[in-house]
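Some structures are shown below for you to check.
Presented sequentially are two complexes of chain A, the first with chain B as partner and the second with chain C.
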Partner chain A sequence: MGIFKLTIFIILIGGLIPFATYKNFSLMKILSVLFISLGSLMGVIDSLFKLNNKEIYNVTYKLSDIFIVALSINNLTKFFMIIIYLISFFSVIYSFHYLNDSSKALRTALSYFLYSLLIISMIFVVSANNIITFIFSWEVMSLTSYFLVIYNYEDFETIKSGYIYLIFTHIGAMFIYSAFGIMFAYTNSLNFINLSLIPLNIKTLIFILSFIGFASKAGLFPLHIWLPYAHPAAPSHISAIMSGVMIKMGIYGILKIYTMLEFNSIITGYTVLAFGVISGVLGVVYALGQSDLKKLLAYHSVENIGIIITGIGIGMIGQYEKNFAMALFGFTGAILHTLNHSIFKSLLFFGAGSVIHNTKNRSIEQMGGLLKNMKVSGLTFLVGSLAITGLPMFNGFISELIIYFGSFQGLKQLPLTQFASIIAIISLAVVGGLALACFTKVIGVAFLGEPRNDNTSNAKESGIFMLIPMIGLSLICLTIGVFPKYFIKIALYGTETLFLNSIDFHINDYFNFSTSITNISLLFFLILTILFTLKYFCYKTKKIHNTSTWSCGFSKPTTRMQYTDFSYAFSIIKFYKPFVLFKSDYKKIDKIFPNKIEYHLEYLDIAEKYIIQNIAKFLDLFFEKLRWIQHGNIHIYIGYILIVLIILLLLI
Partner chain B sequence: MSNLILTLTVLMVLFCLGSSRLLSIIYLIAFQGFLVSVLPFFINDKITISVILFILVTLLIKSFLIPIFLYFVMKRITIKREIEPIIGYNGSVFLGLIIIIISIFIGNKFNFHINHHNTFLFPAGITTLTSGIFLIIARKKAITQVIGYLMMENGIYLLGLILSNHNLNIIEFGILLDLLVGVMLMGIVLHNINKTFDDIDTTLLKSLRDL
Partner chain C sequence: MKSLILFLTLIVLAPLFSAIMLKIKAFFAGKKGIPLLINYYTLIKLIQKTSVYSISTSQIFQVGYLITLATTLTSLLFLPFSGLPPLLSFNGDIIFVLYLMSLGKFFTLISAMDTGSSFEGLGASREAFFSFLAESAFFMVIISFFWFDEKLSIASYFMANNKINVWNNYNFPLPLVGISLFLILLTENSRVPIDDPATHLELTMIHEVMILDHSGPALAFIYINSYLKLLFFSSFLTLLLFPRFGLDNKWNIASFYITLICIYISIGITESIMARFKLNKVPKFLVITFSLATFATIIIMGFAR
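So, the complex of A and B:
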């Protein structure tokens, strides 16, 4: 527990120091980054070591009679703490060269302070053991992340995105708090205690309410609308933290509530699975339609949350069906995917940030050929892409494979579960395929080919501190992909917490495939090395000359002849037409010598168009009717006070 | 005797609600301040030096300093009377009577452990307070609103007499200080409103709201 406190203290120091030293911009950044990264690194190592002993640490501080800080650190908590500290460590290093506008010194100082608060509040969220601590840290997390999103508050779009995020996060919080309220009504205790004895219908209600709330934080379809707004608006290292770590707090919340309720209901299992599947497939379809690099990554978060929720759904069904292997695979896959997603998504956001920082635009339509100038960013982005698409040798593959295993276990069960499992398997396959299509698009359009404008062709590689985190995370992706055994073991520690009456089992009984993955990967690398060596020796004497990409023998190629992202993605998206709306704007050629012709195509999100906008319209109509209350007449404002005073005096 | 003072206080409220001349309202509020200030003489069981000191300071501020200040403000902005009140004078007096009835009703509901055996103290306090707020609502000129604010404070003072023990006048002093500073600030604000809008009609402030 001592190191736990020390870690938080160091991170807090790192957040407070900038206020004292912001006059000297680089000194401020050095000290702050040093302290926060040191604290985060300590946190990672500490949590990793503590995972081995299954002890549960409980601490309570009584601040007042009502506000009691209660912390409980079990293995699931430690697992999430590893994620938080790990991404925080890389992200803060990344920020050193990313936040390099010295005219915004005070703002940067504030941003470091809020960053440290965000990390600490997330640590408290995962270790909270009573309602008050949880709610308090949840609010701090939501608010600090909101202020971090509106870092560039001069931009109107940023403010708008910030508001959308704030509304969604608070609607979600409202659902969570109402679930807590019902919990309190039935147990009369503010602590997170075992709720297995309360009636089943109340359990279902609590689960549904908290599921909606946590899903809105996690960005599950159709509550994901804020993700594609907030991530492009935020600075890249904040996007990485938010997409990599903060939305995982929603996953943690769902798991936590599930454990507390000891909840066995097949309907909810199917519902969770269905939401996961829908979110996974639609997330990646929408991602395919985006040309804004960060928006695209935001939609991929929706997709990956979908995969994680699918895993949880499989686990819940397995738990109900008393199919131990199915539950184990489902939950372990979900938890491991949480770690994996946080790693490769942060990596991709770092890459995107690096590209956007240097080309000064966000649309991949304007990029091209970046791999030539930005070798490290390009290669690490490629690693991240391979990982997110779930290709072997990288970490995404491992967790998706485990979820596949879980789904296949479901085929042994009753017909309905069989059907659900088949749906899960098919959708996982679809998601994987579409993600691959999406990232070939990004790599092909943005990194390969020829630059489409001057900003892109003049782009230089980013500073060293932006590259270090990217290289580090790529190596972790590769390590998990090649040596999955140890990481599966870490995820299993987390899973153990979910099984309250856990059965003793040995990792090799279920996960012996991990050894063969390692063997095959090593074999692959061996072959790869041999091939490269052969290539080197074969081409040593031959003359190699360079020409522009995709010229295909054409004598005078221009950049306009390249594949654009829309032309690449359109044929795939067309297949999903009922779920993706098109808005095209095209002026027809009406003269013999036509003027400049423009064609504009935009994909609309059905959740935003049909669900959220209708709710917003309804609310707008309702509040428009109440507009007369704010009329600007001071006399009547005071009259309100008088009326309330008299009514209160009469009622008391 | 204390009942007489309370009756006079409530009458001053009705007078204030019914008069249009700013000068007379200032006189009335000065007199009400005087009445309220001397009330502790008649309801306190034992009179100590501190009580006398307290009463004197209250008297000085309530019935001399603030009215004189208001008088000079009125001279400076050269406005003599309230024209076009939001709620007419007769209507105001009538509503004042209704307020008294409601106050008595509320007073019966509360069973305070009253030290002073004076059952009128609470209704009178509520009446004065509520009428103060009512005056703020019903009149347009900012100077009348300052007077409404003063009347409200008198009501609070009366209620405070019930609740506080005899020697715990420290809270009253705090409020008094607030009031003094508040009125002085109001004077400055009034001057500025007058300069900006060529009037002290507070409905003009509507143009300051957003959207």
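So, the complex of A and C:
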């Protein structure tokens, strides 16, 4: 426990130092980054070492009669702590060159303080052992992240996005708190204790309420609307933390409630799976339609959360059906994908931040050819893309493969489960294929080809401290992809916590493919080397000519003739037409000598549209009717207070 | 050892098999046709030449095709040719192989986008679209196989005891799967009716347009890749279709070769008697492929258990 406290203390110092030193901008950044990264690194190493012993650490501090801080650190907690500290480590290093506007010194100082609070609050969320601690740290997490999102608060869009985020996070919190309320009513205890004895219908209610709440934090369809707003608005290292780590708190919450309830119900398993599948497919379809780089990545978070939830759903069904292998694969896949997603998604956000920082725009329509000037950012972004697409040799593949295994196990069960498994397998395949289309689009349009404007062609590589985290994370992606065995083991420590009765099995019984993948990956690299040698000999004595791209004999191509991201994705999105709404604006040619014509196409998110159209409009109408209560006359307001007091007096 | 020899022979013969297709097409057109060794001549000619790179391209363009070729070669190592044990195998390799092919596709697509040409973007977009549909159909095929063999390994599907083979008595839904696989083969290898490898208009091409800017040895590598990819898919189909004569029978190999050649011939016949589809009809074709595999799965779920 000592190192645990020390880690938090160091991170907190890293957050407080900037207030003392903000007059000297670089000193402030150096000290803050140093302390926070040191603390985070210690956290990663500490949690990694502690994973081995199955001991559960329990701590309680009694701050007052009601406010008791209770922490409990089990293996699942440690696993999530690794994720939090790891991404925090890279993210804070990245911020050193990213937050480089010395005129905003005080704001940057505040940002470091909030950053450290965010990290600490997330640590407390995953280790909380009573309702009070959990709610308190959950609120701190939500609020600090809100303030971090509105770093550029001069921009109206940023404020609006922050506001949307705030609303969603608090609606989600309301659901979670109501679930806790029911829990308290039935157990009369504020501690997170085993709830297996309460009636099944109450269990279901608690699970549904908390699932909605945590899903809105995790960004599951249709509660994902805040993600595509908040991520682009936030600074990139904050997007990385939010998308890589903070939304995983929702996943943690779902797993936590699931274990606490000892809950076995097939219907919820199917429901969770269905939400995962829908979220996965629609997330990637919407991502395809985006040309704002960070918005696109935000939708990919929806997709990956969908994959994780699919894994959890498979695990829950497996648990119910007493199919051990299915449950094991489902949960392990989901947990490993949580780690993997946090790694490659932060990598991609770092890359996006680096690109946006240097080209000064967010739309990939304006980019092009960035790989030539920004080699490191481009190549690391490529690694991230390969990983998120789930291609072999990279980490995303490993967790997706495990979830595939789990889904295939479901084919051995009853017909309904077979059907669910088939849906899961096909949707995973579809998600993989669409993600490939989406990231070939991003890489092809933004990083390859010719620059589409001057800002892009003059873009320079980012500072070294922005590149180090990207290189580090790419190497981790490759390491997990090629040597998955150790990482599967780490994920298994987390999975063990989820099983109701402790289990004993050997990793090789189920995960013997991991060594084969290592060997085959190495063989693949060997084949690649041989091919490179062959290529070298083919070209050894020859002179290579350079000319412009073949355009059917046309000799003066311009950069505007390149294929655009909209046309690249259009036919695929049209395939999903009922789920994607098109908004096009086309000024027709109406004169003999036509003026400049314009065509504007936008894809709308159905969740956003229908939530606004049905729920928000309805609420608006309802509250419109209550407008008369708020009229501005202070003496009547005082009258309200009086009336309430009288009523309360009568009641109590 | 036998497997290794078979693997190497097949790889060396792959261009010849593709030439058989051309011969068939020439026969249907009433022509004498090009010599059977034409593909080897083309490869030798290309390797002797040098390359022209577009000034728009980056290094991706120069390594993309090598990575694609490496993925196809690695995938081929997993196939149990003629029922003999494959060189590589593990539980889950079928998913690995499909994703490995996606890795190759990823690099083909981004190499195409690297040239900054509008034509190549067009081709890349189409390829991305059609291949994700074909891939889902392939996954449906794997699901249908799961009822015969509760493993996810190509070797265990097709090796030894005749589990998954159309000539087995209880496998009556398998011809449906076979048809579905044949249609997937046509899609993934950009054959008629999805794509015409012999077309001469850039706007209508899919795969050919993506490799427009490759030349010389690079193009040779790409051709080798396309021969091998076709070999992979047709061998996979052959393993499902070829009649076997008991365990470890040397006639197995002959039967394997004959079936393989028959599949190439049937691709040639398809190409000769059909015109390519309009592009907006291709998704429908692929959905039919998917439905066919689904239908087969349902029948297998019901009866063949």
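The definition used in the following text is that the second predicted complex is superposed on the first by the 617 of 652 C-alpha atoms of A that agree within 3 Å, B and C clash if a C-alpha of one lies under 4 Å from a C-alpha of the other, contacts with A are read in each partner's own complex, and residues count from 1 in each chain.
Operating definition for what follows: contacts are C-beta pairs under 8 Å (C-beta built on N, C-alpha and C of every residue); 3 or more make two chains touch, one makes a residue touch a chain.
None of the values given here were measured: they were computed from a predicted structure.
> Should A:592 be classified as contacting the first partner (chain B), the second (chain C), both, or neither?
Neither: A:592 stays clear of chain B and chain C.
> One more residue to check, A:563. First (chain B), second (chain C), both or neither?
second
> Figure out whether A:66 sits in contact with chain B (first) or chain C (second), or with both, or with neither.
After superposition on chain A, A:66 lies in contact with neither partner.
> Looking at A:636 after the superposition, I want to know if it touches chain B, chain C, both of them or none. Which is it: first, second, both, neither?
The answer is first: A:636 touches chain B but not chain C.
> A:650 in the overlay: touching chain B, chain C, both, or neither? Say first, second, both or neither.
first
> Have a look and say if chain B or chain C is in touch with more residues of chain A.
Here the partner covering more residues of chain A is C.
> Overlap the chain B and chain C contact sets on chain A and report the shared residues.
none
> For chain B, which residues are in contact with chain A within the complex?
It comes out as residues 86, 102, 105-106, 109-110, 126, 130, 133-134, 136-138, 140, 202-203, 205-206, 208-209.
> Under the stated contact criterion, what part of chain C meets chain A in this complex?
So the residues of chain C touching chain A come out as 47, 50-60, 63, 66-67, 69-71, 73-74, 77, 88, 90-93, 95-96, 99-100, 102-103, 105-106, 109-110, 112-122, 124-126, 128-129, 131-133, 135-136, 138-140, 142-143, 146-147, 150, 152, 202, 212-213, 216-218, 220-221, 283, 297, 301.
> Applying the document's contact rule, which stretches of chain A touch chain B when the two form their complex?
Listed in rising order, the residues are 630-636, 638-639, 641-642, 645-646, 649-650, 652.
> Across the complex, what residues on chain A touch chain C?
Counting only chain A, the residues touching chain C are 368-369, 371-372, 382, 386, 389-393, 397, 401, 404-405, 408, 411-412, 415, 418, 422, 425-426, 429-430, 432-434, 436-437, 439-441, 443-445, 448-450, 512-513, 516-517, 520, 523-524, 527-528, 531-532, 535, 538-539, 542-552, 557, 559, 561-564, 567-572, 575.
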